[in-house]
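Here it is: the structure, laid out below.
In this document, chain identifiers A, B, C and D correspond to the written order of the chains, with residue numbering beginning at 1 in each.
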């Protein structure tokens, strides 16, 4: 039986202003995919629900997970105060994740992460490198020179950086970088803010390629039971029988044409 | 130690079920708990046809709980029977099917479609969802309307009928009596309490629906009070719920008058919550020398 | 930055007052906060004669708040005028006197005794205390009764009248309209929500009164919803309360439609809560560039 | 202005099964009396109200307070997990405390503490010794051989012990010890369970002496505002104008004849 587990904090550090990296020792994440997420519980009487956070890395014989997250409110604030050796409740891995078979078939897959959408790209790059032996191109979009995680990609990917203020790499967002570098992906995997995902969808439609994007929605259960986290779909969803798919279960990764109407 | 309880002639192996809408049709939590151990599985509300529900955001956290405005999204009775009831076939537990609709006719359609389904042990009629504009909540907020729909459903239903009451009323005892006098076999309460959250940063409602139903431990004192008042007003059994997080919470509801209890939002906070509640109830009984769970029902007066 | 608000022609230096019954008559908290900084002090309910209140235990904690069944213990209007009003004389803040009674006559007696007291800026009529058996709550749960008592009080009162509404009703908008149509100058809400707690160890009610009124952050979503519904149903100003712990909570109530806010149980958790709320509201306004607090009132629709 | 303060934990230890001793560094408890109490806040979202706990000792230039308490429920359980250097919110000193003038005038004052009513007797013994130069007799009642605090009284009091199971000292309660030792106090100060306090009241009435007892009631505010903590009084209370006095403000110490009707 699956269950909520008590994970031990191995390390927590602030990567840059308000962005934290948390390493947790977990029982068994053997079947975890890149693009999946966990629910992590702030453990406070006033913040009972779990917070969905993507897997940034799964390592150490798949018994160590890394989460990289932004302090956005009370729950993540509390989580950011976890210290080494303390414990925290975690549920996962959850969701579908990116499809490795598809990624493996692609000749020039390109990964795009914007802001706090960057963390899941790390495990994805590692997984693609592992299955295909090729280092995918990864476009990372930051606000300014306060980069984070960029250096972690070096072993498994070719990194291209964009910053909104132009302080590092291309001035602009990941799409600007794609154009500047004249890249022609035959598949895109992405995570980031809504405007970025919409731009990617448009690009994918124009270029007639597939784009797999990771969506965010407010969640209560994380396991498909509450129907809180749905996103509008282009077609009738197989489970719900209406034009709504659960981000926590059918997602968080969707082919862009299927969602974002 | 006896954990068996009986409601409307149906025997349950123990008094713990899950609250409608917080457990899907059991499938989602089948990976986390042994469904055979539950007294019953109460399914998500089902309507005559698929419902899309409300726009998102549909859920948000509040102090000690959450607001939801799912708006009763459901795949409709056909898929429900084919897929969800078929899934439940495999398990040795009672099945309570929660029914919703906009009009009396819609409710009746679902009730009739279920009448030959042997896998359905009881029907729970949701007349108290605060998140759908038409029908539903009105039936649960006016005694005369409640009576009318209860009577109509009782005429058609082949299974015993539980009327699920709304806490958003002045006098819960009056509503309980209305359900009883119209023939309900049992009542369940409380459904969620209507609440609202505004994001002060964006100056917008957090939920697309503006209001949502509140659940979780924050509502427990109100739920216990209403279960007490309702169970003392009627002679039919009461299924109690609202904020049950642990065994002692469930015991509190039974002492207040509930013959059975439902674990709701707690499932979201811990997928193993329902079984944990059951085990803690058993521990309580051992510790305090209670031989039969039925001894506790309404024991505090 | 303007913090001044106006209710029924009375100007307040800022929109923060304290909830009746959670601040005595100011004396007890005078050691902890500079009373001059509050927009108003709302005093504990006062009756025509001293009331003993309910037996103890009268208070207990619940998840995210508390239940109380004080039963409106008070020293009676004579001592109130001599001692409490005299004490308040020294302070530069508005005084809202909360009035209670079992019958319309008892309310009227208090209202008349206060009519010549210049230190009283407004009257708040508590028709919603869930902890006294007679009168009180009935006036607050039936629109026709509410209208009757509001009219009777308005005829006699020299100060503007705020009717304090009960959340234990099916339709808060209807109650708000009843108060308005009967001439109330303002309404305040919410009073406490009726709850119950049972001690599973001793198998007894925790409160001697069995039920008590729930307050604290756990009730905030219900309070915000009701303030929103009530303020959109009437044209008279609304004083909002229920679970305000920090400045952003107060802002949330104002965005929902409150012209003024009251800090209640939070005072118990932190005696400096009222001033902290005020300061945090000012910080919010600075941060989001709000020049006049009145801009926020009902700004989310 | 008075305010709720953030106190630093200096030391916490379990004295005996479930009874904890907590030393806190506080800003200023200069005017604290024995018999007064503090509100200490569990600081959890589900346990917002303060827990009233008596002052057991005030030391270190009156900047250190000691609380000795029993884990009775969720709040004290949480407090018992406070570790050195952590902080906790405290409000106080609160309540009236024992009257030193009266205690000073008494020739043979006797202090009686039963169970978790023992802690406030410690500071009281110290105060009486300080003002009168005499070591008062202190009767301490325990359930069994798991004594706590008894040794702390040695410097300032003459200690007599009673245990319910007779394992140490007199078998029985503090009243049994009083009789066994044929003591004749001209004043009693006491804290302990209700049956003990009632027995003391009866004794005081029979012997025509004063008995000052410390009462417990459920509290919300601790400062006299909520009227939650009242106790029935023999006479009309001066503040409330009814037969109810606030334990947090007029008490917790009352002359026994005035209360316990």
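Heads up, the rule we're going with is that a residue touches a chain if its C-beta (ideal position, glycine included) is under 8 Å from a C-beta of that chain, and two chains touch if they have at least 3 such contacts.
Predicted model, so just to flag it, every value in this text is computed and none were measured.
Distance from subunit B peaks, on a Cα-centroid basis, for D. Two chain pairs, A-B and A-C, are weighed by contacting C-beta pairs, with A-B ahead. Between the Cα centres of subunit A and subunit B there is a gap of 35 Å.
Look at where the CA atoms of subunit A average out and do the same for subunit D: the two points lie 57 Å apart. Subunit B and subunit C have Cα centroids separated by 34 Å.
Centre-to-centre separation between subunit A and subunit C, using Cα means, comes to 47 Å.
With touch defined as above, residues shared between interfaces to two or more other chains in subunit A number as follows: 45-47. Shown for subunit C are the residues that touch two or more other chains, namely 63-65, 217.
In terms of inter-chain touching, the protein chains here all touch one another pairwise. Looking at the complex, you find that subunit A touches subunit D at residues 44-47.
Of all the residues in subunit B, the ones that touch subunit C in their complex are 62-65, 67, 141, 168-171, 193-198, 200-201, 203-205, 210-211, 214, 217-222, 224-225, 228, 243, 248, 251-252, 255-256, 284, 288, 299-300. Touching subunit A in their complex are the following residues of subunit B: 21-24, 28-29, 31-34, 44, 50-53, 56-61, 63-66, 68, 70, 73, 75-76, 79, 216-217, 265, 267-272. Residues of subunit A touching subunit B in their complex: 1-4, 41, 45-50, 75, 91, 217-231, 239-244, 249.
Every residue of subunit B that touches subunit D in the complex is listed here, in rising order: 63-64, 217.
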